[in-house]
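Both complexes shown next keep subunit A, but they swap its partner, so subunit B is in the first and subunit C is in the second.
Then we have the complex of A and B:
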């Protein structure tokens, strides 16, 4: 694994490629004009509830509900 | 489920009527008392009871018919999206391949299921395949973990594989499914779980009546690098890398994006399969309700006519006794 090449700024900041591409997508969607913009932003809604399991027991679930990724 | 409750109630009525008298004398040919003999002194099952059963079965039939229509309309909406999402993973499989037989130490099995029930057997088949994949990939130094999407898989796997569950996600379908949601989920999985290979188990939507349980394999970038240097992905090195990034960099980006795309497709296909399975389950349930209704109507009419005939006979014989 090459570590002599500089990692891109977003990976150095701890983001994965997925997070990076989602942010870019949000920016592109924000460039649209009005009626299409609300439609497109409605395609970005996120809602789910995740719970990590430790030793066979689920912890309290935490809900991730963003309207769009910032 | 509801049908079984009706059969049980039928037997309970027969049992109750057999408690009244302990001398079984007459065999009543009625679909409500199939095996036991009706005791002496009890005429027939009251028509009121049969009427109530018929009314509730008719309501259930209406509800299941409505559920079938709802599932059909939801299916139409998701189906085009799912078919379009197939274009996302096909280039990845062409480039990086899909090798379920790769030999890795840490396997994470991502099982996709639904949150709601009444959708036939698709969740049980997904869980069955997950368990089989677990067995297949377990070995002396291998470590397998589960990541569960959906309530139904959690409910089934909690019984015997509690220790191996790493993460569980629910309430996925609150908003209509979109790529952003699935990619945030994928991100969560990537951040919290260490893996060498991810095996995603879902039901592929072949048609409204056929769902194929499938396994998609996504390898971590390290394993891809290992395989490309003389393993199964040997052809990868023949690609030239442009730009300032190294091969390891690119493989890492590609692998994350691949996981997100494949997971998106898997979630959409599973959603389609869920709606399709619900359609056929509700359809067969309405048909069964219709058949039960027919049988009960016949029994009801027979009972009604028998009571009327008995009353007539009593009246006429009483009259002739008075005259004679």
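Then we have the complex of A and C:
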């Protein structure tokens, strides 16, 4: 049985499947026609709040909003 | 008198069991009984130790066993085509689907052998009578079950008419150029992914 043989090129380069899949999806969304494109890209937006912890105490959280365009 | 009743009731069931054994079928893992299974080793060790109390049910007793596949091949394939934000087809009965597996375009008919296929960016075509609906998939998986149900799960899928030709050409040129100027393995892999996806998009527009 092929256990380690024939890994896909992206895994050999250190990319995980989720990263690969998300990159493929972003590229497809970038090639859509206009009204669909903006609505698809808005689907990829991520909103989250991040707070760093120092000495067991959380600092003030900051709210971030990232799109796939980095 | 009651003892005779149980003997009379016992006879027809025994006859049915004999008929089953005489049928001479090989035992497949798909021939699962319809009654809930219980963990026999656990029950036996419990009964040895604590004969007075009923053994508790283990999680496997609560699990519904997999239903056996239908004995005759169904005439239609049931397709569930889902995206994270929408289910495009849900339990739709079709004649055939062609999925873009990493090993090539795979046609799935009713009665297909159970398969798990990883999908590459490409075209999914759903054939229903004379209608063919095509979608461009980004990547995902296709699970084909023994009872002719196909689950196709992808991250992003678009009907072909929503793809913009110019953006595809631009993207293809950009990623080809990135591949030439890439230094690290990761950049090369990303550029190669870009080329694959955009060539699939191009093929969808022209093919």
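Everything below uses one rule, namely that the second predicted complex is superposed on the first by the 42 of 70 C-alpha atoms of A that agree within 3 Å, B and C clash if a C-alpha of one lies under 4 Å from a C-alpha of the other, contacts with A are read in each partner's own complex, and residues count from 1 in each chain.
Going forward, contacts are C-beta pairs under 8 Å (C-beta built on N, C-alpha and C of every residue); 3 or more make two chains touch, one makes a residue touch a chain.
Everything quoted here is computed from the prediction, not taken from an experiment.
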First (subunit B), second (subunit C), both or neither touched by A:10: second
First (subunit B), second (subunit C), both or neither touched by A:22: both
Chain touching more of subunit A, residue-wise (subunit B, subunit C): B
Contacts of A:40 with subunit B and subunit C, given as first, second, both or neither: second
Subunit B versus subunit C as contact partner of A:30, first or second or both or neither: second
Intersection of subunit A interface sets (partners subunit B, subunit C): 8, 21-22, 25, 43
Complex interface listing, subunit B residues touching subunit A: 162-163, 165-172, 174-175, 178-181, 183-188, 190-192, 222, 225, 244-249, 252-253, 256-257, 260
Subunit A residues within the subunit B interface of the complex: 1-2, 5, 7-8, 16-19, 21-22, 25, 43-53, 55-58, 61, 63-64, 66, 68-69
For the subunit A and subunit C complex, residues of the former touching the latter: 8-10, 12-15, 20-25, 27-34, 36-37, 40, 43
Residue ranges of subunit C touching subunit A (in the complex, touch as defined): 85, 102, 121, 136, 138-140, 155-156, 158, 162-164, 167-168, 171, 185-186, 188-190, 192-194, 197-198, 201
